[in-house]
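Before I ask anything, here is the structure I am working with.
Here the chain labels run A, B and C in written order, and each chain numbers its own residues starting at 1.
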Amino acid sequence: MSRTLKAGRVATLVGGELIGPPDMAIAGIASLDEAGPGDLTFLATASHVSYLPATRAGAVLVTPEFRALTTGPATRIVVDDPRAALILIADALHDPDSPTWGVHPTAVIGAGARWSGAIAVGAYAVIGTDVRIGGECRIGPHVTIGDRAVLGDRCRIDAHAVVADGVELGNGVVLKAGARVGTPGFAFVDRDGHHTPIPHIGACRLGDDVEIGANTTVDRGSVGATVIGAGTKIDNLVQVAHNVRIGRRCLIMAQAGIAGTTTIGDDVVIAGQAGLAGHLTVGDRARIAAQSGVIGDVPEGVTISGYPARDHRAVLRQAAALRRLAPIVATLERVAAQHGETS
Amino acid sequence: MSRTLKAGRVATLVGGELIGPPDMAIAGIASLDEAGPGDLTFLATASHVSYLPATRAGAVLVTPEFRALTTGPATRIVVDDPRAALILIADALHDPDSPTWGVHPTAVIGAGARWSGAIAVGAYAVIGTDVRIGGECRIGPHVTIGDRAVLGDRCRIDAHAVVADGVELGNGVVLKAGARVGTPGFAFVDRDGHHTPIPHIGACRLGDDVEIGANTTVDRGSVGATVIGAGTKIDNLVQVAHNVRIGRRCLIMAQAGIAGTTTIGDDVVIAGQAGLAGHLTVGDRARIAAQSGVIGDVPEGVTISGYPARDHRAVLRQAAALRRLAPIVATLERVAAQHGETS
Amino acid sequence: MSRTLKAGRVATLVGGELIGPPDMAIAGIASLDEAGPGDLTFLATASHVSYLPATRAGAVLVTPEFRALTTGPATRIVVDDPRAALILIADALHDPDSPTWGVHPTAVIGAGARWSGAIAVGAYAVIGTDVRIGGECRIGPHVTIGDRAVLGDRCRIDAHAVVADGVELGNGVVLKAGARVGTPGFAFVDRDGHHTPIPHIGACRLGDDVEIGANTTVDRGSVGATVIGAGTKIDNLVQVAHNVRIGRRCLIMAQAGIAGTTTIGDDVVIAGQAGLAGHLTVGDRARIAAQSGVIGDVPEGVTISGYPARDHRAVLRQAAALRRLAPIVATLERVAAQHGETS
């Protein structure tokens, strides 16, 4: 899962300047207070300088202003943008090629299921009949893949995820632990006073590089399809209802919910715990703030918040107005009484 | 999972008029842009007429106003209510009797577990000791059913659902993928500064035809029972806490949450992401809008919204009032200052 | 799972006075309307006295004011605090030592995994390589524990929970059904217009006696750790993002969400569906009301609510002010117009 790199190699990788021993072996990254002798740490803000003498880290990443520090780890790497450098280093230390290719002997593989090239299938995975899987897919323990599902190349289906019958995943799709994709939606008709479920015979398709968070639910279409566009990333515990269509490269944060048949454009950002009613249209590049309650269409490019969600600045202005009105409400009532009947 | 029906048979089924070849074989339903030659499509709104020439669908469902169209599929079925017709057709195409009855050889069946008549148990399902199951139940792969649980007839427990020890399900209950029913609740007493969990020895009972959404959680009672009445349908990612009692035929949308010991009447609708505090009573036929925060009892038949949730129209009126007051707040402050001390 | 205790023994246990036959055998606790002959029931409020004659319970717990009742069960136990007594009795009836110690033959145990003393491992559990487990841990069916994870003594990992690679759990940790602990977080960098995931190589550590609710998700750190302090209890369907640090003895209710890198002190209470933005600091003993939207740091000891979350009393005052202003908004507009230009 993790490799070791020498400090000199790391400095070259991030285009930084190395100060101190180049042979120090870096095996991980940790904060100043948590790092051990094999870790690279980092000075995130000037206010953390006082922690530097006590850190046990073997090396530290600093900005040019701390180039000349005399305390802390003997090995220093000087870069302009420590955050960008950290991502590069984490990437390099991380070894994504670790899976043991092969099918665990306990996996149940349905008749007609097939894949191309390498595959990793974990213990107790259940793969249905006539499933088609591309190359280099990794399927975790306890995963269930329904009959006739189709997976592209390089998909990663983590432990306990469920891919329902007939779901189609593009290349590089990631489903995190416990994600449910293609479950029947929540839609009923009234028959003699009973809520009778509408059969969900529609499709569910995820484009290339879509990511679905842990325990997130994506319902299949009732009639027609639920579609998530290429490059869209969805966080944990999100609800995507039946027949929702989401464009490309959207970011949808944890616990957001999208009701049935709503259509979302490209490059939309939906923050945590926001909710969208059904049958709406959200334009490209719209930004929906955390906890917004969206009950109408959203134009391209706007930023909205609140319930009912409106222009974010107007919402902030109204909240400020209310804070100013609350202390004078009794006076205003007296003024209004003097000016005759109320509205 | 899916059958094929001839167009003439479909027209008869929905009481519609057939125009064109009656032998066209319909195998699925899809939207105008997605349909293939074996699909029935539908003209949902007049604004979609322009898509008709390009559709690849084999047949189309239209309202009488589009009876005489000269473009689009050769086979047309004319009905007054396309939406109702679609549900009937989806029902007819859908084949719910597809399960292969039998117990997968990898299923673990506890001592004393028994069922009547046909049963379908998927791969790696685990059924506890002394479990009683009715006829024609379908239990998906990786399902866990705890000791002494009781299931009625025709239940469908989807992949990865958990039914805890002693939970009782009526007839026709549906648990979707990853639902957790009968888990211990969240309740503590303080002992020497520690939050000590109260043992949850209470029951958990779901009436006939209850449906529980994917990854939804239903806690068992601490002392006494958590009860969900017949015909109530619950969507994905909903939280139902310990000792909650829900009446019959309620609809509870995705990501709603109900805290401990709250009692809900019959025919109540709780929209998405709404939250109800504990120890409340909600009257029959109340409607709770999306994202409402309910912190007091709710009378029968009312519609409420907002936080704290109040009469929905009052909330909308207040939101409109604030939008009108925000631009004049500075003037109102000056007026109030002229009228003496603030409240 | 449950024991039987005689009424006399129960009265002694709770320091109560026994009236009636001491040999009545109590096997459970139930409400007045649900209790059977083997159950102890309780008179929670004076308004329930009318239910007493009809109860089938074998014994009833009452406060001194109902000591002399002549209706209801022949066996009565008189205590000052029925709620505290019920918890003691539930504890005594509950038999937490019921697990059959041993490893189910279907469990898959990785190379190098080891434990000390008794262990209970359920059917189809999958335990990775080099996992270390303390004594008397109970691991439910279908649990997945990743490589190199570390569990303390007396942990309880319920059915379908996932403990990811390298996660560290203290003693007495409880993970309820479907909890996901140590999943990779939701963080990306833009590379050529693509959201490229940051590798999550950080740690995830839960202190002693931490409890994680059903289907709750706890992401691991990207760089550095996600940490939950000893004695903190988290309810169902909560989201804890990467690099969050939560102190000791916090209570976090259902469907709350905490975004990345936020730090929370000790003894904090976060009520249901509250959301906290990322990179915040919440002081010790703060109380965050249900559905709050927290977008700034929170001082020690305060109670906040609303969106953006502010002092709870100010929020209630402002809501009351708006209710008073809404009916006079037209008059106030006229007044403002008379006083010149708007702000």
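Operating definition for what follows: contacts are C-beta pairs under 8 Å (C-beta built on N, C-alpha and C of every residue); 3 or more make two chains touch, one makes a residue touch a chain.
Predicted model only: the values in this text are computed from it and were never measured.
Q: Can we say the copies chain A and chain B touch using the same residue numbers, with more than half in common, or are the two sides different?
A: different
Q: Fit chain B to chain C on CA atoms, both being copies of the same sequence, and give the resulting rotation angle in degrees, nearest 5.
A: When the C-alpha atoms are superposed, chain B turns by 120 degrees onto chain C.
Q: Centroid of chain A to centroid of chain B, CA atoms only: how many Å?
A: The computed centroid separation for chain A versus chain B comes out at 25 Å.
Q: Out of chain C, which residues touch more than one other chain, so two or more?
A: Answer for chain C, listing residues that touch two or more other chains: 124, 142, 160, 178, 215, 237, 255, 273, 291, 322, 325, 329, 332, 335.
Q: Once bound in the complex, which stretches of chain A touch chain B?
A: It comes out as residues 108, 124, 126, 142, 144, 147, 160, 162, 164-166, 178, 180, 183-184, 186, 188-189, 193-195, 197-199, 201-203, 215, 217, 219, 222-225, 237, 239, 241, 255, 257, 259, 273, 275, 277, 291, 293, 295, 307-308, 314, 317-318, 321-322, 324-325, 327-332, 334-335.
Q: Enumerate the contact residues on chain A facing chain C in the complex.
A: 1-2, 28-31, 34, 84, 86-87, 90-91, 93-94, 96, 104, 106, 122-124, 140-142, 158-160, 174, 176-178, 209, 211, 213-215, 231, 233, 235-237, 249, 251, 253-255, 272-273, 290-291, 306, 319, 322-323, 325-326, 329, 332-333, 335-336, 339-343
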